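Structures given as structure tokens follow.
Note that subunit A is present in both complexes that follow, paired respectively with subunit B and with subunit C.
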Partner chain A sequence: MNRRHTLQIAAYAARTSVRGGIGLVFLLLSLTFGLLVAHRMMQPIETMARLMVDPALYETEEGRRDAELRVLEQMTEQAKPVIAWMLPSTPGNAAEEDDEAARETRRKRPRLAVSTDKDTEKWATYLLEDRPGILSAIFLILLLGWPFVVAFGAFDLYAGDIASRQLRYQLLRADRSSIYFGRLLGLCITLVAVLSLLGLVVTVYLGLKLGAYPWGEMLLWALQGTLMMVVVSLPYTALCGWISTAAGGSFTSLTLASLAIGGVPLLASLGSLQFDSAQYVNWLLPWGFQSRLLHHDPLQQGLAIGGCLLQTAVFVWLGHRTFTRRDL
Partner chain B sequence: MTACASPPDFQLRSRPHPEVAFAESVPHLRPRMSETTRPGGLTALAVLHFVFGGKRIADTIGFVALRSRHDQMDGDKKPRELVDAVDATVFTTTSVLAVLTGLATIAAGIGCLKLRARLGRRLGTVAALSMIGVTIAYAMLLRGTRAGDFTLLTIVQLLFPLLTLFLLNVTFKDEFVR
Partner chain C sequence: MNAPSTATLAPALRIANVTKAFGATKALDDVSFEVPSGSIFGLLGPNGAGKTTLFSIAAGFLFADSGSLHVLGTDIAHVSQLQGRLTILPQDASFQRNVPILDQLAFFRQLDGKDKKTAETEVTEALELVGLAEYRKRGIHALSHGMLKRMGIAQAFLGNPEVILLDEPTSGLDPQNARQIRDLVRDLQKRRRVTTLISSHNLAEIQELCDHVAILDKGQMKVSGPVDTILRQARQLEIETSRPLTDDERERLAKLPGVPSITDRGPRRYRLQLELPEGTSADATVAAMLRLLLDAGVTPRALTEGNSLEEFFLSVTGTSHATGH
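For the complex of A and B:
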């Protein structure tokens, strides 16, 4: 692999990503998705604050603002069980109930009751009270949908050019490894740019519109959240890259990537109705641990980052192996 | 054979050839290795022009229909407040501008497909600017009402025209060769 070639290809791929139709639609789709998620989270809060706080009752602007913040606090408190339900319970607490009867009971109980253990509550408190709660909720929802957006951006990394045999022209000047890593790196740069833009827009809007959190705290949390979004994007990008090298065409690649990304949690959910251990299917992809990227415990967070990077390495290796061995 | 195929010399001598340096300094006269082909992104942008132009017209028609049924509304307060918030003159002006913007966006989409500089790039730029204007105008007009305000949805609506401005004037600047 030639490092200079790789960087050149990466820079070119990132710079010209919107010149292709897929790149342009991906950019529009990703930004629209992110902003719509943020809008859906913030609109009820804005509306409730406006409905519950009658400006005529307050003499000063500050009084009205304080009342709005109290409404926000109330809503955050009410949202805590929902956030706790979304978060997975810690394996240690689940292991305490190890006998067959307890497991049977656990299976029959609704998930809400299972996941609201002490650690999960602490986690929800950390996300909603210790950190800017609205941003945390936005990041949690984004974590659920972002893998599918990544699939849309990464499915055609190699598949289209392999199908049309256009990669042969590049092979005259650069080796396969440089092309493989260069394009992958180019997409990662694009993803970082898109996520940074998204994080910045949402944070600035939140700060200007609601003004509920201090700027410094909000910017730091947005930076951390964006970084975690980038980390979670890596394994999915690598997976799509692998599928793209193996597939015979763009459409096949998109179908397979979407099926793989969406199929894993679906299979885990359906399987867990019958067998508890089927939930571990989620760990084939970051689905099983990706929400721990926003965990309050640095160890859990570190393990989640490590898991994402490990899966990225595995998928990159598989993709590189396929790309360097297949007929182009 | 060669002599017959060559163009008559006397016609060429009557008009001087443009300098090569001139041709290279003008982007659309740069020599290309192959026939001009439209980048995939430009085709996608043209399709998006049709979609967003059509949506703008449909939205305006919906708004006009809403206003025409203004008197019949009694139960739902939200659309009523929305209509009340805008006075007749501003409403008519904004609606006409919105329809024109929609039509211009669709025409710019055709221009993008045909790679025409005026119809595609220039009209597309004008349409994008007026789309930004219309979006901001609606957001300002409905400000303070429950029906609408400057929200993240407004930024979502601004995404396409802002992206179009960037793409037409930076990324695809040299592609409009006709």
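For the complex of A and C:
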């Protein structure tokens, strides 16, 4: 691999990605998805605040802010079990999982109450109270949907240019490894840029609209959340890259990438109706542990980051192997 | 007719026992030949003969199932080490749609190690060669099919390549542009001794341009060597006369030593089959024939020894060319 070529190709790919139709769709999709999530989180607060206070009071800036803060506090309290439900059980619950009677009881409990063990509650409290809660909720939802957005950005990393034989002009001038890593790096640069823009826009939007959290606290949490979004993007990007090197065309690549990313949690959910252990299918991709990237325990967070990086390495290796051995 | 041979013994391309199959179809079957350095080498074959597959292997796009291929002494597995010394016009590769032509081509030169300014200057020069300089800041959507082909050729002529592979460079071009491309290839060979491997369906073009030729058919190498030598393998003379020959004159021609038969090829064109001992020149027969004609008051207008490339090609590939298979 040639470092100069890799960096040149990365810079060129990042520079020209938005010019191509798919790059532009990815950028718009990312921003639309992020802002839509932020807006959907904000809308009930605004609506309820309007209903709770005297309309005359709501007209003043102070009255509006006060009402929204009260609504936010109430919502935070109510959202705790929902957030706890969204978070996976921690390994500390393994004993309960192994107990057949406890498992039966868990099955019979209402779905929302599942996994509300002490550690998960602590985690939910950390996300909702110790950190800007609305931002935490936004990041959790973004984490759920982001892998599909990544698929839209990465599916055509190689497939389209292999099909149109555009790559052939580069093949005489740079070795395959440099092209493979250069393009991957170029997409990662684009992803970081798009996620930074998204994080900034959502944070500024929340800060201006709500004003419930100090700017410093919000920016710091937004930075951490964005960083974790970048981390979770890596294995999905590498997976899509691998699929893209193997697929015969863009459409096939997009279909396979979407099926792989969506199919894993679907298979896990359907399988767990019969076998509890089927939920571990989620661990084939970061689905099984990605929400731990926002965990209060640094060890859990570190393990989640490690898991993402390990899966990235595996998918990158598979993609590189395919790309350097196939006919182009 | 043919450009003077400038070939030396050191081959620019050495292809040895290359085999490539796509599923059950064997695209190349144990193909071996050498392209002499500094030559213009024509690769001929009917559709589906394996020419583009061979070009693709030579450029490192495809991997051969077996055999070896060296370009300028470098194993094609390390093709990127050639760094601009080898360029290609691929047959059906496309360019990026939304990036200006100048940016795309300059990027290729930057990969070759040139700085941005030098790269852009070289690209502009290459585009001027093919008459596309005015389009350099536009995207490929502004170009017609023929212009795209010329852009591909400009890309192949970028920098100082020592070996250029041109896969059907003049197909889809009007006669004027096709002529311009042929002149460019000839000029590059004369000025810089650039080795050019060129495939074409236009046999007259290959005969006019190339000093060496190879014929592929159904993935197998049928013949390879200097054009003159190959064409002279057919022991025959073709002559055009100022007037039709009388029966008596035809009979006297057929009685010349080493001429077993004479056939009509047109109202004033005749072909004499030669039967000469191996290694014997046809010079004596030619001299005797010319003397006989001049004595009879017939002026020879044209004389060709051996086959035309087209006839030779058809004799080697059978009817497959005519049927387009």
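Operating definition for what follows: the second predicted complex is superposed on the first by the 304 of 328 C-alpha atoms of A that agree within 3 Å, B and C clash if a C-alpha of one lies under 4 Å from a C-alpha of the other, contacts with A are read in each partner's own complex, and residues count from 1 in each chain.
The definition used in the following text is that contacts are C-beta pairs under 8 Å (C-beta built on N, C-alpha and C of every residue); 3 or more make two chains touch, one makes a residue touch a chain.
Computed from a predicted structure; not experimentally measured.
Q: On the A-aligned overlay, A:Leu36 touches which partner chain: subunit B = first, subunit C = second, or both, or neither?
A: Touch status of A:Leu36: first partner only.
Q: Touching subunit B and also subunit C: which subunit A residues?
A: Dual-contact residues (subunit A): 19-21.
Q: Looking at the complex, which residues from subunit A come into contact with subunit C?
A: Subunit A residues touching subunit C: 2, 5, 8-9, 12, 16, 19-21, 164-166, 168-176, 178, 325, 327-328.
Q: Which residues, counting only subunit A, touch subunit B once they are in their complex?
A: Going by the criterion above, the answer is residues 18-25, 27-28, 31-32, 35-36, 38-39, 42-43, 46-47, 50-51, 201-202, 205.
Q: For subunit C, which residues are in contact with subunit A within the complex?
A: Where subunit C meets subunit A, its residues are 56, 59-63, 78-80, 82-84, 86-88, 90, 92-99, 103, 107-108, 110-112, 155.
Q: Of all residues in subunit B, which touch subunit A in the complex?
A: Counting only subunit B, the residues touching subunit A are 39-41, 43-45, 48, 146, 149, 151-153, 155-156, 159-160, 163, 167, 171-172.
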